[in-house]
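Both of the next two complexes hold chain A, though its partner changes from chain B to chain C.
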Partner chain A sequence: MTLWMLAWHNIRRRPARSALTIAAVAIGIAAVVALTAIAWGFESSWQQANDARATDLIVTRQASQNTMPSPFREADVRPLLMQQAHVQQVAGLLSEMLSVSEDGPPAFVFGWEYGSYLWQHLELVEGRWPASAHEQVVVIGTLAAQTLHKGVGDHVDIEGLTFPVVGIFRSSALVENGALLMTLRQMQQTMDKPGKVNVLNIQLDASASETDEAQIQQHVRQQLHGYHVLTSGELVSRNAVVRIAKAMSQVTTLIAGLVGALMVFNTMLMSVSERRREIGLLLAVGWRKAMVMRLIVSESVGLALTGGALGILAGFVLASVLEMLPLMRGKIDPLFSPWFLLAVLGLSVVLGMAGGLLPALNAARTSPSQALRGE
Partner chain B sequence: MNSFWLLVLLLALGGHQATASAQHGTLAMDTGKAVQLRMDVRRYDADGHLLSPLKYALIVQQQDEAQYQLWRVLAPARWRGQKLLAHWQAEHAGAIFWRLSAEGGCLRDAGSFADWPGARQIWLLMRPWQTWAVRQQSGKDDEVNGHDCRWQRVRSPDGRWQVERCMDQQQPVSWRTRLLNHRGNVLQTIDISKLIRRNNGKLAARDFTISDADGSRTTVHVYSGDEDYQPAAGMFLPPEGCAAQPVLP
Partner chain C sequence: MRHDDARGYRVNTPILTTKKLTLSFDEGRIHALNGVDLRVEEGEFVAITGPSGCGKSSLLHLLAALEEPDAGQRWFRGCAYEDMDDIACFRQQHIGLVFQAFHLLPTLNVLDNVLLPAVPTGRQMADHACDLLQRVGMDHRLQQYPAQLSGGERQRVAIARALINQPDILLADEPTGSLDSVSAGYVLQLLSELRQSMGLTMLMVTHDTDIARQADRQICMRDGRVIA
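Showing the complex of A and B:
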């Protein structure tokens, strides 16, 4: 019998206690997996949206660290941007999170500058695009069509105005698939923010290098006080929801780690205490102290690893269930990377080792004669 | 100071600003500036039943010593587009107002403003508290929704109203605000649950609950805003021949 088999046999000797410990570790790991996958997925989805739009730089108002960047007057900023070398197009965008049905959850509503490059990456599935900047119509993403139960020819109420749905589109970005889209002019009118945008998207020409991009950023920062000039990645990482989601996953990881390690520690401490005679016998028949320590640590790692593996499965299920909730549909897209899952398994091993080390040291210090006498 | 005058500002404004404003006898808002807010309002009766939820767009502008407010109902459909235009004078706790139909004409039934769930509660919040002198700077320490705070008390110039607020010691936020009448009875309690950072870096309330003495409560969620709103010319003028309604209490 190998050491690992012996450790596994010992774990199975106390099924109730082992199951409880594994369950506690699994719950913690599931929370870590689900929250981290959601946080990364949220960031990735916004990043995809920006990448799909082929936006190189983004201008927003400074201190706008809220869910949506604060609106600003487009005319105050656009002329300066257009003067920069390599700037091919500047496209205004006004977005809000709004209720578009009586009982449904809020949805992203985007206003994009009519005729700008922003629209080019979208695929029209059904119907048509707005015919002009002034046309009071919306096109909706495939996911929004499902969640709102709306199709071409239906109407949606947005901020007290009625908009006919004239088209359904598909995007490579989840957030856009779950959104409603109208022209910037219509959005400004709907939100009573004439001339305002909360993001200006800049597309550079093909010859622009990273150095050119950095120079534009530096130049605009010097000239435009109170504004940020960011790459799309920087904008996403500064998004309040992304930051909150990441902070939550980090805190959960910390708590789950501590609780998991303590559970394993407690289980192994009790196990060693109950098995003093057995450990003493092993030492008496020639087992080295290092071998006894390896046995105990193997048991604790086995517990944590089993909990970790089950936790990963549970995390998948939890994230999938959350993704299907009406409130969350179209807003989260959990991202499970193989490296992350391996890291979670690594975390389980660390938990097991941390929780088993002290009990293993205790076991190794056992005096065979005292243990066999039952002292 | 930025133009955020209304309740969102009132609830979040610090004692420092309030004191300074009171000392100078001016409203704590730049003349000519305007702000737009959009809010979801849900009113629950004393038994916890949800009354019709409302969405308002609210525009506020400060001009010298006067303040102008334009309320517009976005939802539900039966009140959609109806407006309330209010003119406040800095030295008074009340206002004159006009109710306008969606088409811009006058509505005579002034009392129906109170029909809009939550409107009256928010209205009461909009007294110019930040101009009232702080009577008692430091009261007892307390904890509201997990936040340490210290109570202070202010009173309206005419002595009819008092406000107690529990100010955060680290940041200019009143986590709990109580509006009392001259007898010291609590009329309303406002608890802030979520803050938002404004363009000037200061904090304002985004989600809050107004609890009335009768056990009913109103939750308010500010879902959109524009701190540099450009009001159209004549936006705050009542239609010709439209009589002003009595001053609200």
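Showing the complex of A and C:
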């Protein structure tokens, strides 16, 4: 018999109470895991999309922090960008989250500059690409085809205009797989934003170094007031939605941690109070106070760790269910980092220790003589 | 001339000595012990008798270091209790306790109850526990729980638990107080055999004069004092 075996035995001896405590911790941890995985997944999905397009730098309005930054006139910016050393291509992009069918969920609709490098990473699965910048057609991602139940030859209605679906494509980025894609010109016309883009994507030549990137950023900042030149990572981390999602997951972590620790604290306090005589006996047969404290803290950590492990499983399920909701499908790919999951288990241990410490001190202060006399 | 053994205890001295031990409860309103002087030799069987509330159990608790006296001193083989670095370690290594109420943990089986005092040592004592349970005649019920045992059987398990760490002194507080006469007789015989075979010093609190007569020496207490 070891201390851990005894602690586990004590956890199991009041199954209903232990189960409730474990469930409370598990619910909190599940919320933390699901929300954090979604927040990180959201960030990662956009990062993936930018990486897939092989974009080196992105120009946006300075103050804009939306997922789809505020539109601006590309003609005001493009000439300056084209003058910069190492700039190989500048491609405009206009995008919007739009309803594309009466009963379907909203979807990302992208307008990409026709013939630009942005299209090159996509794999055509079925049909064809738009034949010209003026052709009023869309191609749709594989996931969007499933979600909207559309295929080549079908039509989608966007902002009162009908677009035939002429092709289905596959991308390495989930966000693009769940999106509809048309030429930039068509998108500007559809959205009534002629000449405007959300961002300008810059592709540098192969010889450009990080110093060159920094130099371009500096030049543009000096000469173009009101605009930012960012790397895709910087753009994603500035994204207000990502930041709000992360803040929410942090607040959830804090609340879940507090509630979990309080639940464990309450359970252990009751347990110590009920087991006063037993604790007195342990001290009487030669257990040190520190050993008794270790037993109580081991029990509280055991409860929290079990809750944490179950919470991680429940978080997986919860995030997967959320991912499959029509509203979310093709927009977010929950990200479960092994380090994050280890950190969650670590958090469980910490909240178990926090919840068990005071009851353990209480137990260690027990007078064995009084406890054995039943006082 | 003073002789110390390897652990710092004096040899050829009484195993337990007390001087003017005083203990009170309820902020001094109840006097449990009023200056108890006691000397117990190695291997001695001492019965402590007296009416209820005379301080017998309090004395046992003080000797087991479960409680601190208000005044007075206690020595184990010449070493004062207050000079001991680790009183829990002293209890674990030298003292075995048997209670009237058994104090077995209801959710642990017989074997695990016996092993409980050995958990802090981290040593594998299962074989030793089985051996002890065989000696108390409980080796056939290792996996059973206290609720499945009779009073006499529970006390035999409690005795095995008291002996798991091979103590020098067995302090028994009314060990037959909750037992019928047959079980009480068996438990007493068992304690006597174990004491002799293991060379234990035993202090037993008892109301029963017949049991007390079996001891090497009787101490009679009244109102917190040793009167005989």
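Just so we're on the same page, the second predicted complex is superposed on the first by the 374 of 375 C-alpha atoms of A that agree within 3 Å, B and C clash if a C-alpha of one lies under 4 Å from a C-alpha of the other, contacts with A are read in each partner's own complex, and residues count from 1 in each chain.
Just so it is clear, a residue touches a chain if its C-beta (ideal position, glycine included) is under 8 Å from a C-beta of that chain, and two chains touch if they have at least 3 such contacts.
Fair warning: this is a prediction, and the values are worked out from it, not measured in the lab.
With chain A as the common reference, chain B sits beside chain C without any clash. Once the two complexes are overlaid on the shared chain, A:6 sits against chain C while remaining clear of chain B.
In the superposition on chain A, A:192 makes contact with chain B only, not with chain C. When the two complexes are overlaid on their common chain A, residue A:289 makes contact with chain C while staying clear of chain B.
Contact with neither chain B nor chain C is seen for A:365 once the two complexes are overlaid on the shared chain. Of the two partner chains, chain B is the only one that A:159 touches; chain C does not reach it.
Angle at chain A between chain B and chain C, computed from CA centres in the superposed arrangement: 130 degrees, to the nearest 10. Touch criterion met: A:97 reaches chain B, while chain C stays clear of it. After superposing both complexes on chain A, the closest C-alpha pair between chain B and chain C lies 52 Å apart. Across the two superposed structures, the residue set of chain A contacted by chain B and also by chain C is empty. Those residues of chain A lying in contact with chain B across their complex are 61-66, 70-73, 96-99, 106, 157, 159-160, 191-196.
By the touch criterion stated above, chain C contacts chain A in their complex at residues 57, 61, 64, 66-67, 86, 88-89, 91-93, 95, 97, 99, 103, 105, 107-108, 112, 115-120, 122, 161, 165.
The touching residues of chain A, when paired with chain C in their complex, are 1-3, 6, 9-10, 13, 277-278, 281-289, 291, 367-369, 372-373. Residue ranges of chain B in contact with chain A, taken from their complex: 36, 38, 40, 55, 57, 59, 72-75, 77, 80-81, 196-201, 223-224, 226-230.
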